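You will see two complexes here that share chain A, one where it goes with chain B and one where it goes with chain C.
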Partner chain A sequence: MLAFIVRRLFVSIWVFLAASVVIFFLAVNVRDPLSEARQLPGPAQESAMAEITERMHLDEPTIVRYFLWLADVLTGDLGVNRQGQDVNAMLEGAFTATLQLVTGATVLAIVVGITIGVVSALRQYTALDQTVTFVAFICFSLPVFWIGTLLKQFLALDFNDWLADPTISPVFIGGIALLTGMACASIILGDRRTRLISFAASAAAMATLLAVLSATEWFTDPGLGPFVVALSAAAGAIGFTTLVRGLEWQRPLQAALMTAGVGVVAMFALDPVLDDPDVLTIGGLAVLTAAVSAGIGWYWGGDLYRQAAIPSAVLTGLFTGAVIFTDRMLMNFDNYSASVGGRPISTVGAETPNYEGTFWESGLDSFGHLALPTLALVLLSLASYTRYTRASMLEVMNQDYVRTARAKGLSERAVVTRHVLRNGLIPITTLVAYDIGAILGGAVVTEQVFGWSAMGSLLFTGIEQGDPMPIMAFFLVTGGAVVVFNMLADIAYAFVDPRIRLS
Partner chain B sequence: MLGGVLVLSACGGDDDDDGGEENQSGGTGGTVTYGMAQPFQAYNNTTASANTVANGQVTQQVTSGFWTFGNEDGQLIENTEFGTYERTSEDPLTVDYTINEEAVWSDGESIDCDDILLWWTAQSGALDGLFSAVGTQGVEDTTKPECEPGDKAFQLVYDTPFADWIYNGPGHGNNTMLPAHVVAEQGGLSSEEFLAALRDDDAEALQEAAAFFNEGWSIDGALPDPALIPSSGPYVITGYEAEQSVTLTRNENYWGEPGAADTIVFRTIAEEEQVAALQNGEVDIIEPQPTVDLANQITGASNIESQVAEEYTYEHLDFNFNEGPFSDSLPLRQAFALCVPRETLVTNLIQPVVPDATVKDVRNIAPWDPGYDIAIEASSDSLEELGTQDIEAARAILEAEDAIGTEITFSTLDNQRRNDAGQLITAACEEAGFEIEFTAELDFFDSRLPENRWDVAMFAWSGSPSVAGWNSTYRTVGECSPTGKGNNNGCYSSEAMDTLLDEILVTSDLDEINRIAGEVEALAWEDLVTIPLYQHPGITAWNPAVQNVLPNPSQNGITWNADTWSRS
Partner chain C sequence: MTQNPPASAPEKGPAKDPAKDPATAGARPPGAADAAQGMAVVARSQGQLVRRRFLRHRGALAGMLLLFFVVALAVTSIGAGPLPGWWDKDPTTTGNVVGNGDPTLSVLPDLLGGGGVHLGEHPFGQDNIGRDYFALTMRGTQVSLLIAIIVGLVATLVGTVIGAAAGYFRGWIEAVLMRVTDVVIAIPTLLIAGLIGVIIADKGVVLFALFLGLVAWTQIARLVRGEVLSLREKEFVEAARSVGTSSRRIIFKHILPNTVGIIIVAATLTIASAVLLESALSFVGLGVQPPDTSLGRLITEYRSALTVRPWLFYWPGLFIVAIALSVNFIGDGLRDAFDPRQTRVRD
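Moving on, here comes the complex of A and B:
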C-alpha cells in the first residue's frame, strides 16, 4: 500500500508540474493584461502601464515568469494579482466560499442520487424507474443559468409571495397527493390490491397532512413539536435497524429505540442550551450524541448483538439530533422571516448584509441563501449519480452469487444491502472521488447566476484580466484536488473490493 | 475639473420629470439597499487607477465638496452645507472658496488648510504628479492657494480664464477633498510638518505620505482601520464584505442635514440578476444598463416602480482623418452621413426602451442642457442637408466622385446593440455603394481603435454639462499614435476648430460659452468630424417603499441624492 502511494505520488508530481507549465503559458497568453491601462488618458496611462509591467514582470520572457512563480509557490507565496492584491488572501476567501457552496450540494447529490439510483434499479422498468430516468435526464440537459432563472422565479419570488398567505389550493393538494400515492404504489411490491391500498392510503395521508398544514397556517410559524419529533425518532430507530440488521432480533431494535427515547428526553433537558448555541456547542452535542448512542448500543447489544446494535443506535441518535435541530430551525423561522421582510428565500449573495441574529436565525439566513444554488447544483449532478448507481446495481443483481444468496434463503434485505449494494457501489467511488475534485473548481456559471464569489469567479476574473496568478492559484487547488482524489479513489477501491491489490 | 471629463464607454443614470425639490424625512429612515454591478475597491477615488463609477457612487456620500451633479437634468448643484464659492474677479479669474465653519471630519478633525493644500497639490499635478490624480486640467493653471493652519477659506487664481471654473473646485467623487491628517500620519509626519512640506513643495518629505495617498486606501479583502477612512459627508463607511456589500451608516458628526436613511447598503450584484433581486426585496434600487429584454422584464414586474430616460452618454461614428478613403474627402464623408439610417437606429434599438427617444443631432450638448437649442440653430444648414437618411443622394455623391465600391472598414465593440446597429448601417451604406467590412470585436478599445485600423468607428462618449471634458476630442494632436492622440481618435485637425476650442476654454461667461459651443457643433457638422447617433438609454427601478429616488442623467447616477433616500 505504502509503496503504491509513494509511486503514485511521484508520478503525480511530474504530471502536475507539466500541467502547470501548460496552464501557465495558456494563462499568460489568454488576454493582454494592459488593455484597461491603455484606455487611460495621458500620463495616467504611462504610469499605470509601467506599474503593471513591473508588478507582473511583463518585460521578462514567459519561461522566466514561470520559474519566478514556481519559486514563490514553493515558499507558499502565490503572488499578487494585477491590482496588487494578495492572491493567498483571495484564494482563501474563494475557497471558503466554494466549500460553503458546494459541500452541501455534493453530499446531497451523492446521498439522494445513490438512493434514487438504488430504488430505481430495484424497481427496474416500473413507472417509477421510467419517471426517475426521464426527470434525471431533463435536469441533466438543462443549462444552469436557465435552471437558476426558473428556481428564482418559482422558489424565491413565487414562494416568498405565497408565504405571505400560506394557504394551499385544493388543486395543488390533489396533485401532490396523487404524485405521492403513485410513488408509494410503485415502490411497494405486491399484487394489484396491495398497491391500490398503498396508493389510496399514502395519497389520503398526504392530502390530509397538507390540508391541515394549510388550514392551521403552519407555514407562517412552522415547527414539529415534541410529538412529531418523538414519532420521527421512533420511526428512525426502526428504519435504521432494518437497514443495518433487520428486525429479526430484538436487541439492536431495543437499543435504537432507547437511543431515540434518550434523544427526546435530551431535547427537553437541553432546552436552555439550545436557545442560542454556537457552532462549537452543536458540534460538541453531535459528538456527545454519537458517544452516548454507541454506549447504549454496546451495553444493550451485549456480546452477541453488539455489532448490529452500535451502528443502529448511533445512526438513530444522530438522526434524532438532526430532527431536533430541524425543529429548532423551524421554530425560529417566523422571527427570521419577519427580519427579512417576509422573504426568506434569497436570489443572490451568500448572506443578508449586516445580518445579526441568534445561531438559528443566522443559520436560516445561510440556508435561505444556499437553498437555490444548492438545488441547482443537485439537480445538475443528480442524473449521473442515479444512472451510474442504477446501471451498476443492475449488473450486480444479475451475478451468480446474488442468485446463490437468494437460493440459500437469505432475506431480500440481506441480499440487497450485503451483496448487491456493497458491490454495486464500488464503481461509484471513482465517480464520487472525481466529482469532489472537479467540484472544488467551483461552479462558474452557478456562482455568477446566484451572485457568489468563489473559485469560479477567481478563475473567471483572472482570465478576464489576463492575470496568470489567480488562474495558477485556481489550478493548484483544483488540479491538486483531482490528483489527490483520484489517488484516494484507487485506495478506497482496495478497501471496498478486496480482490484488488494495489502493489 | 474632471467632474465631467470624457471617458470611453458608458456609465451613468437617467433623467425625467419627477419633482425637483427633495424633501428631507427625519426620524428613522430604515435601511435602503442599492444594487450595483461593480465592486467597491477604494476609498480614494481621485487616483488614476482607482477612479471607477462604483467607487464614486459609494464615496459620493462619504467625502463631500462644494458641488455635485444631480437633479433630474444632471446639472451642477452647489452644496452649501459644505461651503460656498463665488467668482470675485474676471481678470485674473479668481474664485473664492469658503468651507463651512462647522465642517469637520467624522473623527472631529476640522476640514481646513491642510486638506485644501493636499487637494490642490494632488489635483494640480504639482511635484511632478507625486500624488496621483485622474487629470489635472484647470487646477494646473491656478496658483497654489495660501492658507494658515486652521484657515477655512482659500482662493483659486487662474493664470488664464477657464470656462469650467464652476466645476473646478473640490467636489464629490474623483476630485473630492481627502483627509490630510490621515495622510500625514500614515506618511510619518505631524500635521505641522505635513502642512509645511506641502507649502514648501518638499517632495522628499512627502514620499511616504504620497505612497499612502496613491495606494493605501485601496480595499484589500477588508476595510482598513476606521480611523483611516473618516467621512466629511452625511454617511460613514462602517461595513464591508469582499465582493458582496458595503455598508454606510449615518455620520453622527455631520454638521449639515443628517442622512435620511439609518443605513445605506451597496450590494454587488451582476446586472442580469438585479431585477430578480429587486423583486425579491433583496435590493431596493437598481440601475442596470438597459437592454430591450431587461426593460420588458422591469416594466412587466408588478411591485416595482421604474423610469426610463436618456443619459448623457451618447453613441457616435468617428471618421479616420489619418488614413483611408475618408481622411481627405469631405464628399465621401457626406455620402456616408447620408446613408446612415439614424432614424431607424433609434426606432429599432432605443425606442423599445425609451419610447420618446429622438435622433441625436448635436454632439457635445445633451437635449436637456441649456445650450442645446443654440447648437441646433447653429448647425441647421448642415442638418438640413445631411440630417436625414437619403440613400439616393449618397449614391449620387459616390457616382460623382467615381467612388462606387469604395472599401470601408467599419469597426465597433462587440455587444448586442452595436452589432444590431452595425448591421443596419452596413446594409444601408452598401446599398448606397460602399463596400463595407464590419468588425465587432471585444478588444476594440485595446487594439483596433488606438492603432487606427479602421475607417469608421462606432462607440460612445460619456458626457456632462461641463465644456472642458470634450475639448480634447476635436483638438489637433501632436502625433497620431496610440499614445499621442488622446481622445481625438480619428486625428481630426483644423485650425478653425483649435481656435474655437482655445476660445471656449478661456471663456467664463455662460452665454458666450453656449454660443461658441454652437459654433463648434456647426463646424463639426461642416467638416463631418463625427456623426452623432443617439443618447444612450437608461433605466432605474426601485421598491415603491423607498422615498426620494430621483434618477438623473449624470455620471453620479441614481446615488447622487442617496442621503435623502428613506424607507417608509
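Moving on, here comes the complex of A and C:
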C-alpha cells in the first residue's frame, strides 16, 4: 500500500508539472500584454513598454520565463501581475471567496443528492422515482448562467418584494400542500388507503402551517421558539435512532432523547453566550456538544447498546445544536432585514460593503449573498449525485448477499442501511472526490453571474490582459485541487479494492 | 416486509402491452397463443435487441423527437450554407422595431381566450436594432449544434483511439497515453478551453470546435481503455491472435465492435456537455466571437434586456435546454439499450 501511495504521488507531481508547462505556454500567447502600452503617446509609450517588459520578462524566451516562474513558485512566490500587484495577495482573496462559495454548495449537494438518490432507488419505478429522474435530467441540461440570471430575477427580486407584505396566496398554499402530500404518499409504502391517509394528513399539515405562518406575518419576524426547537430535537432523536438502530431497543432511543433534552436545557443556560458569539465559540460548542452526546450514549448505552447509542446520541446532539443555531439566526432576521432596506437576498457580490453587525447579523448577510449562487451550484451538481447514487444502489440491491440478508429475516432498515447503503456508497466516495477537485475550477461561471470577485475574475482579467501570472495562480489552485483529489480518490479506491494496488 | 421489484421486472405502462407495441407487433411469430402466455422465444440479433430496448425507452423516444424537431427547425428555417430556407427574414438585417419588438408568436387558440394560433411577423420578437429574433436564434442554434457535433466526433475519435491503444498494447504505450490523459484531466476544462478560444478567436467556429474536441476526450479514453482491458483477455481475442491476426485488425474488427455501446453513450453525453460548455465559454466572452453568433452569445448579449425585453433572454436559453435535455435522454436510452443486463426474458 505504501509503495502504491508513493508511486501515485510521484506520478501526480509529474502530471501536474507537465500540465503547468502546457498552460504556461498557452497563457503567454493568449494576448499581447503590451497592447495598451502601445496606445500611449510619445515617450510615455517607450517607458511603459520597457517597464512591462522588464516586469514580465518579455525579453526572455518562454521556456526561460517558465523556469523563472517555477523557481519562484517553489519558494512560495507567485510573482506580480502586469500592473505590478502581488499575485499572492490577489489569489488569497479570490481563493477565500471561492472556497466560501463552493463549500456550502458542495456539502449541500452531496447530502441532498445522495438522500434523494437513495430514496428514489428504494422506490424504483414509482411516480416519485420518475419525477426525480426527470428533474435530474433537466438539471443536467441547464446552462448555469441562464438559470443564475433567472434566479436573480425571479427568486431574489420577487422574494424581496414579497417580504414587504409576506402573505401567501391561497392558490400557492394549495399547490405546495398538494405537492407535499404527493411526495409523502409516494414515499410511504402500503395499500391505497395508507397512501391516501398519508397524502391527506401531510397536505393538511402543510396547508395549516403555511396558513398560520401567513396569517401571523411570521416571515417579517421569524423564529422557531423553544417549543418548536424541543419538538424538532425530539423528532430528530427518534429519526436518527431509527436510522442507526431501529426502535426495537429502548436504550439507544433513550440516550438520544436525553441528548435532545440536554440540548434544549443548554439553549436556555447558554442564552447570554449566544447573544453575540464568535466563530470560535460556536466551533467550541459544536465540539462540546459532540463530546457530551457521546458521553451520554456511552454511559446510557451500557456494554450492550453502546455501539448504537453513541452515534444516535451524537447525531441527535449535533442536530439539536443546528436547530438552535437556526433559531438564533431567524431571531435576528428582522434586525438584519431592516438594516439592508428590507432586501435580505442579495444578487451581487459576497457581502454588503462595510456591513457591521453581530455574529448573527453578519451570518445572515453572508447567507443572503450565498443563497442564490449556492442554489445555482447545487441544482447543477445535485443531478449527478442523485443519478449515480440511484444507479449504484440499484446495482447493490440486486446482489445475492442482499437477498440473503432479507432471507435470514433482517428488517428492511437493517438491510438497507447495513448491507445496501454501505456497499452502494463506495463508488460515490470516488465520485465525490473527483467532483470536489473539479468544482473549484467549475464555479467560475457562477461567480461571474453573481458578480463575485473570486477565482473567476482572477482568470478572466488575466486572460483579458495577456497576463500569465494570475492565470498560472488560477491553475495552481484549481488544477492542483483536481490532481490532489484524483490522487486521493485513487488511493481511497485502492484501499477499498486490493485489485487496483497490484496492477 | 417491504420489497422492491427487481430491475428485470417488466415496466408498467403502455409499452408492456405487446399488441400496442410496434416493435413487437411485426416480429411476432404465428403462435400468438403461446406468445400471449409469454412462452414463445424469438431469436433476435444483438442489433434488434438494442433497437427494441431503445424504442421502448419513452424518454429516449421523446428526446429523439424533440431533437429532430430542433434540428429540422434550425436547418430548414433560415437555410444552411447555399440552401435557402422557408423563413423570409435574415439574422443580420436590421429594421424598424415594431411595437417594442414583442414576440408575435401565439399558440393559444381563440376559444381559450388567446390570440389564435399563428406565427406572425416576428414570432420570437425583435432585438433593439430590429433584427428578427427567430432568425437570430435559429442561426445561434445552427452554430451551437455544429460545435457540439464536431466536439462529439473529435472527442470520440481521439478518445477511442487513445483508449483502445492504451488498453490493448499495455506496457510503455499505455503508460505514456494514460499519463497524457492525466495531464489533460488535470487542467480545468474552462481554463484550457478559454485560453484556446481566445488564441484562435478570429479563426472561426469550426476550428474552435475542433480544439474543444481535443480537450474533451479524456472521459471516453478512460472508459474505452477499461473496456478494452477486459476484452483483450477474452478467448475470442486469444483465438484471433493465435491464427496470426494483426494487432490493428484485432483492435478494429474484434475489440472495438464490442465496445461500441459505451462509446456511443459516451459520445452522446459529450455532445450534451459540449452544448453547455460552448454556451458557458461564450457567456464569459471566451467562446464564439462576433460576427459569428451562438446560443450562449445571444444570452450574453441580451442579458441586461431581461427586464425590458425578456424574450431576448428566454428563447436561446430554452433552445440550449431543449438540445441538452433531448441529447441526455437519448444517451440514457442508449445506455439502457446497450446494457445486456436489461434483457427481459419474456416477450
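Methods note: the second predicted complex is superposed on the first by the 492 of 503 C-alpha atoms of A that agree within 3 Å, B and C clash if a C-alpha of one lies under 4 Å from a C-alpha of the other, contacts with A are read in each partner's own complex, and residues count from 1 in each chain.
Convention: contacts are C-beta pairs under 8 Å (C-beta built on N, C-alpha and C of every residue); 3 or more make two chains touch, one makes a residue touch a chain.
As the structure is a computational prediction, the values presented were derived from the model and not from experiment.
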*So, does A:G84 touch the first partner chain B, the second partner chain C, both, or neither?*
first
_Tell me the contact category for A:Q448 with respect to chain B and chain C: first, second, both or neither._
both
*Touch check for A:F16: first (chain B), second (chain C), both, or neither?*
second
*Kindly classify A:G93 by the partners it touches after superposition: chain B alone (first), chain C alone (second), both, or neither?*
first
*Please work out whether A:T103 is in contact with chain B alone, chain C alone, both, or neither, and reply first, second, both or neither.*
neither
*Identify the partner contact of A:A350: answer first if only chain B is touched, second if only chain C is, both if each is, neither if none is.*
first
*Looking at the overlay, does A:S35 come into contact with chain B only (first), chain C only (second), both, or neither?*
first
*Does the superposition put A:S457 against chain B (first), chain C (second), both, or neither?*
first
*Between chain B (first) and chain C (second), which does A:I138 come into contact with in this model arrangement: first, second, both, or neither?*
second
*Residue overlap on chain A between the chain B contact set and the chain C contact set?*
149, 153, 448
_Complex contact set, residues of chain A against chain C_ = 11, 14-16, 18-19, 22-23, 26-27, 29-31, 122-125, 133-134, 137-138, 140-146, 149-150, 153, 189, 394, 397-398, 406, 411-412, 438, 440-442, 444-445, 448, 456, 459-460, 463, 471, 474-475, 478-479, 482-483, 486
*In the complex of these two chains, what residues of chain C are touching chain A?*
1-7, 9, 11-12, 59, 179, 182-192, 194-196, 198-199, 272, 276, 279-280, 283-286, 296, 299-300, 303, 306-307, 313, 317, 320-321, 324-325, 328-329, 332
*asked:* Quick check on the complex: what are the chain B residues that touch chain A?
replied: 5, 7-8, 33, 41, 48-49, 129, 132, 134-135, 215, 218, 220-221, 239, 241-245, 247, 263, 265, 267-270, 273, 276-277, 279-282, 443, 445-446, 450, 482-483, 486-487
*Spell out the residues on chain A that touch chain B in their complex, using ranges where they run on.*
32, 35, 38-48, 51, 83-86, 89-90, 93, 149, 152-153, 156-157, 160, 340-341, 343, 345-354, 448-451, 453, 457
